[in-house]
């Protein structure tokens, strides 16, 4: 999969010499793969503001919206079925009646402005909200048909099946080997050292880190670079062979090269795991996900295939967000 | 004596303030065509106040500090022969009594015959010397105040940046306050070194540090130094170490687990109750712990061991039984256990801070992997917090080594070189107290030995503290 | 990337997951239990400590007194010098006569009876005569405390079963005491002497007032010296100093001084204040100076955190108005930091109140009767009083030591509570 990230303006299809100042921007980024006839750009500014969503679709949307470049693969069956989930922190309600289906072997992206509840919702799916005092979750979240909030479900077991990657890489202050071996060790998944060696090697390979660290497995995990640490954390999550991997803005603390590698990794991983990723960057969502859900002020505004969300959103608010009217 | 000087200076100072302020106002009004005054009249007033009060106070301070030694030396210089022939200890006592009688109080002891008459004359001399010094000091202070006032008078005018000057003085004063901290350290080091060096002239350092016998007999005569006493401090070091080890065995697990419980498991309600209770435990004076050790724990432990001994006597462990029947109230175990109780809140609160400094992201990472709370604590938090906890334990050890009252009241005086917790031992701190609260002959090696011990104690605890703080600081920086 | 085969088969994995779960939760439960155990041990020790002290000390708060009819024998009392009379002997003989007991030529029975009465009796009798000489020749009722041994007997501390070498009251004396009680001559009242008297060699007359006044004077000296110095130093370090080697040195120094054992400060006090400056031994002045040096680092550290807690925006606003740095600090920052400063100060004063080791070294081990009148007079202090009484041989001092500890703890609790209340009342959340 090619990342048209640093494609220079010259590499665009069509058009002659392009004035760089007219390259459409979204939050400062240079959007790859957007071809805009220079002349048409100015006259469309005013029209975009007032046009109906459909009318704007052909014109303004193309100039400001990330183009969906993720490979659309066959989506698996519904892995997680969410019905009417609300989250309360004390008296404050953070999520209002969210209902959503998350398919397996797919990357589902949650987008939305800061504080809209996407991280809160992500944390519902491995019951990490249980660790917060005063947090309350209502509604049902069915994973493979079983309600994960039921009393009979042990969060410890659940979290062995649902892995999580956080925004800032948080490897334990242990060796690389011990970091990856942590999960299998506490859950008692291996019975011999050679078995553990195999697990560690497999996880690191799947996370794309093996080649870089194979010779220094017993050096400190914190001695790696930011991007490598995040891949280590992903390896750690994979080592227990989960079914779902939740990622909370995994690339926001990383540089662009590392981000690219992680996104490549995510695309590889979706072949065997169900991946849910929260991201601040719409371009990333466009690059990486097949399904997108847009949250705003604690409510799920719209969800669907990524391509549709970005080219033909049904809701006004969705359009406003993806065209950058609010951030 | 010179105490009325301070109210006098205060009166002068207030006077200076009022006059200075008025003067500034008048001069500013008079110079109506010149530049307007830089500072307000009050600030000129303060300027004047400073220039009057500071010289006077400086003189008063010098007088206060040096008048007593000076009077002493003057008295000694002119003393009659009969007095000079006395041994140093009795001579000092004589001068002390002369001073007391001159001040109008009664002498501590009666002096026979010729010395008694000498006392009368010497006390009159002492009174005269002290009066001269006092009035001389007062006169000097008043003179200094006046000169300062004169200087301020010439300086006050609109162009004077009085506020800046005053603030400069204030800054200087504040700096002096913080310099007291350094002066204290210097004072401690100096005073310990001075008397320790005199001690080490009498008793060689190697004997002190490596000698195995501690029986500090006092010399019969001042020049018989070191010949009739053994000053080997190793039994003291051993006793200190033994009691510290027992204390740490009690305090470290209890304190650490309390901290873990409070940091990770306790609900806000229980945390709100337990933390104040631990702070109360920390605030109890050590003399209370000493009383508790001497009157409750000591007898209780003794009865316990005696009881076990009684059970064992006549059986296969008869020797052990006989031994246990003879244990005393003042076992090292008693002092160590109570010291451990005292240290529990100390260890607990330090460890609590350390554990709370571990970033939440590590906890989240571990919980998200499906670890239970105990697994998170054992496998992630404690290893991460290890340097900090090591530092906390070092600080607790330093505290245990320097502790006096518990051991003074619960441990014994017999210097015993042993590691058996059921034996009676003594520590460095107890010996310091014993040496200095016995008979007070100040130049004998016996009392000087206290300073040698004090120096050793100071250096050891200083080292432990510096290492501990270094470790904790490095640990904190890692996570900030 | 797809060559690596699945290391753990799905079914085996689930089995292993579930199998280990029970043991893991068992470990979790045990770990939590250790935590609760540790906290309970700590709290338990506190309760044990306080409980024992209250148990041992509460009996000291009441004392037994005896009211005896005393015939002021004009033969034995000198009108001009009543205090020369041996009232104890006189009363003892009169009592024996009343009970019909004959005495031997050495008067050993009278001596035995005498030791049941406190020497306070003779002071009270002499005072009565002095105030009203017409009492001579009459029979007067005098109330005075019983001696400490009798007091212990009445409180049940000492009984006939107590071993002979553990008590100083013989069985015969106990019989006499029982007689007195049966006659209704003995009353139990609140032990005011404990609070109105200074130290005494007689336990029944010993009180804590001297030590309380001594401690108060000492704390006064400490406060007057340490608070201005400490706050001044903290203000300098926090607001005025430039980052440099000297400032770093001062900070390191202060941190180390806070951890120096208190007995080293005692040695400093002996060497500097007593040997070199010849200040009076065992006086509140010297004690206050030593404690001030000890309290200084704590006050500096507490004041610095209070100053740090004031947000920089306050300082910036003041500077922007044209105030100089000194004016900013003294008119704006320091008043806002005051609650924190006062809290830290009170807590360090409470801590200084309980320090004993340095006081022992500067001479407060000696017996100091009476109440000190000035900071240069010899005095005792509460903690050193506790130490002295604990070492005393009379058994009656045990309960009084515990009572003195209760007085000390009360003062400390009051001071700490005041500090906490102050903090709650004036704390500002920025």
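Letters are used for the chains, namely A, B and C, taken in the order the chains are written, and counting of residues starts over at 1 for each.
In the analysis below, contacts are C-beta pairs under 8 Å (C-beta built on N, C-alpha and C of every residue); 3 or more make two chains touch, one makes a residue touch a chain.
Remember, it's a predicted structure, so these values are computed and weren't measured experimentally.
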item: Chain pair with more C-beta contacts, A-C versus B-C; value: B-C
item: Identity of the chain that, by mean CA position, is farthest from subunit B; value: A
item: Approximate Å spacing (C-alpha centroids) for the pair subunit A, subunit B; value: 61
item: Subunit B and subunit C: spacing of chain centres that average the CA atoms, whole Å; value: 19
item: Mean-CA-position distance for subunit C and subunit A (Å); value: 65
item: Multi-chain contact residues (two or more partners), subunit A; value: 156-157, 160, 186-187
item: Subunit B: positions in contact with at least two other chains; value: 372, 375
item: Of all residues in subunit C, the ones touching two or more other chains; value: 24
item: Subunit B-touching residues of subunit C, taken from the complex the two chains share; value: 24-25, 27-28, 30-32, 34-39, 41-43, 45-46, 49, 52-53, 56, 228-230, 232-237, 240-241, 249-250, 253-257, 259-265, 267-268, 270-272, 275-279, 293, 296-297, 300, 324-326, 350-351, 353-357, 360-361, 365, 383, 386-387, 390-391, 398, 401-402, 405, 408-409, 412, 416
item: Residues on subunit B engaged by subunit C in the complex (per definition of touch); value: 65, 68-69, 72, 163-164, 167, 170-171, 173-182, 184-185, 187-188, 191-192, 194-195, 253-258, 260-262, 265-266, 274, 277-278, 280-281, 283-292, 294-296, 341, 344-345, 348, 372-375, 377-378, 395, 398-399, 401-405, 408-409, 429, 432-433, 436-437, 442, 450-451, 454, 457-458, 461-462, 465-466, 469
item: Subunit B partner contacts - residues on subunit A that touch it in the complex; value: 126, 128, 131, 133, 155-160, 163-164, 166, 168, 170-174, 182-183, 186-187, 233, 236-237, 240
item: Residues of subunit B that touch subunit A when the two form their complex; value: 268, 359, 361-372, 375, 379-380, 383-384
item: Contact footprint of subunit C on subunit A as seen in their complex; value: 154, 156-157, 160, 184, 186-190, 195, 198-199, 201-202, 205-206, 208, 241, 268
